[in-house]
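Please find the structures below.
Paired with chain B in one complex and with chain C in the other, chain A is shared by the two complexes that follow.
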Partner chain A sequence: MEAADKNLIYLYCVTGKAPKLKEVENLVDELYFVYQLGLYAVVSKVKESEFSEENLKKNLADLEWIKAKAIIHEKVIEGIMKNTCVIPFKFATIFDTEDNLKAMLEEHVQDLKEKLKNLEGKEEWGVKIYCDIERLKAAVIHEESGILKIEKEINSSSSGKAYFLKKKKEELMKEAVNKRINEYGQESFELFKMLSCEARINKLLPKEVTEKEDDMVLNSAFLVDKDKVSEFIHAVDDLKTRYNDKGLNFDCTGPWPPYNFCNLSKGKEQSG
Partner chain B sequence: MAEQMAHAIQATNLADILERVLDKGIVIAGDIKIQIADIDLLNIKIRLLIASVDKAMEMGINWWQQDSYLSTKARETEIEKENVELRERIERLEAKIK
Partner chain C sequence: MDKRIKTLQDKDSYLDIQKERKVTLVEVLDRVLDKGAVVSGDIVISIADVDLIYIGLKVLVSSVETMERLRGAPFSGATEEPT
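Up next, the complex of A and B:
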């Protein structure tokens, strides 16, 4: 009574024009699209042995599996994106049957079409700012008369007093550095926001994830008009140069599928 | 215009991809209902990535919290609630591992 390995349908993205599958066909088996009410859903058949609720749960504990599948997910959508505007779906959006997928498209047709209209001619770009805190400290100290004063005092104080002064200095230093990081981050973000249609701030990722030596101090994403992309990149480069001696480093990536700009307008994402 | 930005895949590390693919993108429930954040024994790295402690708060970076455009009260409360839940979940998981 061994059950056959049933097929499930994995949804990558939805487009408003017929997607060109040629370039991405080799990434996954049985890639095709499902048409419903003017929407095209780019899907592939996946096996229940990998993506059923139970098996998916198991596989999601396997970092290597996630990595491999996440890259495929990304590459398929990037390939489709070269020719037409896409709404990227979250990893592992899976349907049992084509009918269920069509029903979903039908249910959200208005929203999806509106999204596609809004995303047309725009690209997502990501800007992350990292900070070498020690370098920033070194740059900041000269601008902080209070800290310089304490430093002098430390040199001419008894060891007991010097201890407390050092503590105080560290505190002031931390404050000064924080102030700068907040300032630079905000200033940069505001500038990039002005050059884009929409902007998002995301959670800062810890070093264990980024595998960088410097701390992430801004994690942001922007929806940029295609005509403005080169201006946007120049702006990032400008700030990169301006803040280089402050220990800041700008990491600009794109164009990405608009992952950060496709939440549904109705429902739980809505807020006052 | 001669500027050629390296494409996302080459220019970024895997964290960039995972961050987007696992945590962003449009969410419409399919037939398989699974929350990535629900996975028991999720690898530490993924867990950090999508359930990361609020690094910004920890570092004292808070300028955008005063920006009403970016952070409505509702969203903050939602995140706070989520954080509590995630912390509890992590504690439960850690207790299990011990």
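Up next, the complex of A and C:
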């Protein structure tokens, strides 16, 4: 609580109706909203010592800090989302002054309003597919005549030849597995896409991040009509059952704030 | 393996199928750090290059934390505040 520590403004989300702050105001200090041209920006005051560009960079090297702040970011938006449609902003979107925030709202007013209209009555759901590669291998080997043939040959070959045949077999196995993963992933994605209004495929996360034993083979997000959510979830469950013996596992989570479906068209940084 | 574990009794019937479950922190970070509306220009300080994979490989080594997402229930878990 230093007197010299200037306040900055942290933007969580924008809504088209007055947001109910009561439920979330215990999460952060000085949570309030700023109204401009029919838009409400849910913000809180944060300290320059933590969120100035320079200090933010330092804090971003601290995972504990990121975790704590990211959870607050998510929870504030989730709380607001219970009562009204939101456009969630990216973690640590900071304004120097309220005037700057208002200028941003003004600049994007049309786009933000269109986005809100489009998001009304819809929810974001995420589907991640993981694959136990060894299990998939075991499941598909019987369907791969080329591999079975090589296996037989290996058994009746000299050790020198068997070595090369084994190499060959491994290669074929890898190909077959990749082909299946692509096939199953594609098929699943297309099905979920059909049940949703919009769909995105995101970067796969490595095991170091997911901390799962299985490999992530699809990371996708869907904007689903609220009326269709149960159908959507059932579809995921169906595929989960269908592909269970192939070593695939489906992780379906939501409803999330529509992080994946609110790229602002005027912004310059979204293409990357 | 299944993340959609019911952790608490239903508190309301917002969504019958699955509203209370554990979601890993990774799920949250995957969205919060990487997605969401982005504004650019002089009037905003916005982080352009936080990459979960980068962070993950560097430091997310021992995170076994999960956070409870309590749908339709009060925010009982969040106590940390920025000050």
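One rule holds for everything that comes next: the second predicted complex is superposed on the first by the 262 of 272 C-alpha atoms of A that agree within 3 Å, B and C clash if a C-alpha of one lies under 4 Å from a C-alpha of the other, contacts with A are read in each partner's own complex, and residues count from 1 in each chain.
Heads up, the rule we're going with is that a residue touches a chain if its C-beta (ideal position, glycine included) is under 8 Å from a C-beta of that chain, and two chains touch if they have at least 3 such contacts.
In this text, all values refer to a predicted model and were calculated from it rather than measured experimentally.
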First, second, both or neither for A:N249, with chain B first and chain C second: second
Touching partner for A:M216 - first (chain B), second (chain C), both, neither: first
First, second, both or neither for A:V46, with chain B first and chain C second: second
Chain B versus chain C as contact partner of A:L8, first or second or both or neither: both
First (chain B), second (chain C), both or neither touched by A:E144: neither
Partner chain(s) touched by A:E23 [first = chain B, second = chain C, both, neither]: second
Shared contact residues on chain A - chain B and chain C: 8, 51-53, 56, 60, 63, 66-67, 70-71, 73-75, 78, 87-96, 100-101, 104, 108, 115, 126, 202-203, 205-206, 208-211, 230, 233, 251-253, 255-257, 259-260, 262-264, 272
Complex contact set, residues of chain A against chain B: 8, 11, 51-53, 56-57, 60-63, 66-67, 70-71, 73-75, 78, 87-96, 100-101, 104, 108, 115, 126, 174, 178, 181-183, 185-186, 189, 199, 201-206, 208-211, 215-218, 230, 233-234, 251-257, 259-260, 262-264, 271-272
Chain A partner contacts - residues on chain C that touch it in the complex: 1, 3-4, 15-18, 21, 23-41, 43-48, 50, 52-53, 55-57, 59-61, 63-65, 67, 69, 71-72, 74-75, 77-78, 80-83
Of all residues in chain A, those that touch chain C in their complex: 1, 8, 14, 23-24, 26-29, 44, 46-47, 50-53, 56, 60, 63, 66-75, 78-79, 82, 87-96, 100-101, 103-104, 108, 115, 126, 202-203, 205-206, 208-211, 219, 229-230, 233, 249, 251-253, 255-257, 259-260, 262-264, 267-270, 272
Partner chain A, residues of chain B touching it in the complex: 1, 3, 5, 7-9, 11-22, 24-34, 36, 39-46, 48-49, 52-56, 59-64, 70, 72-75, 78
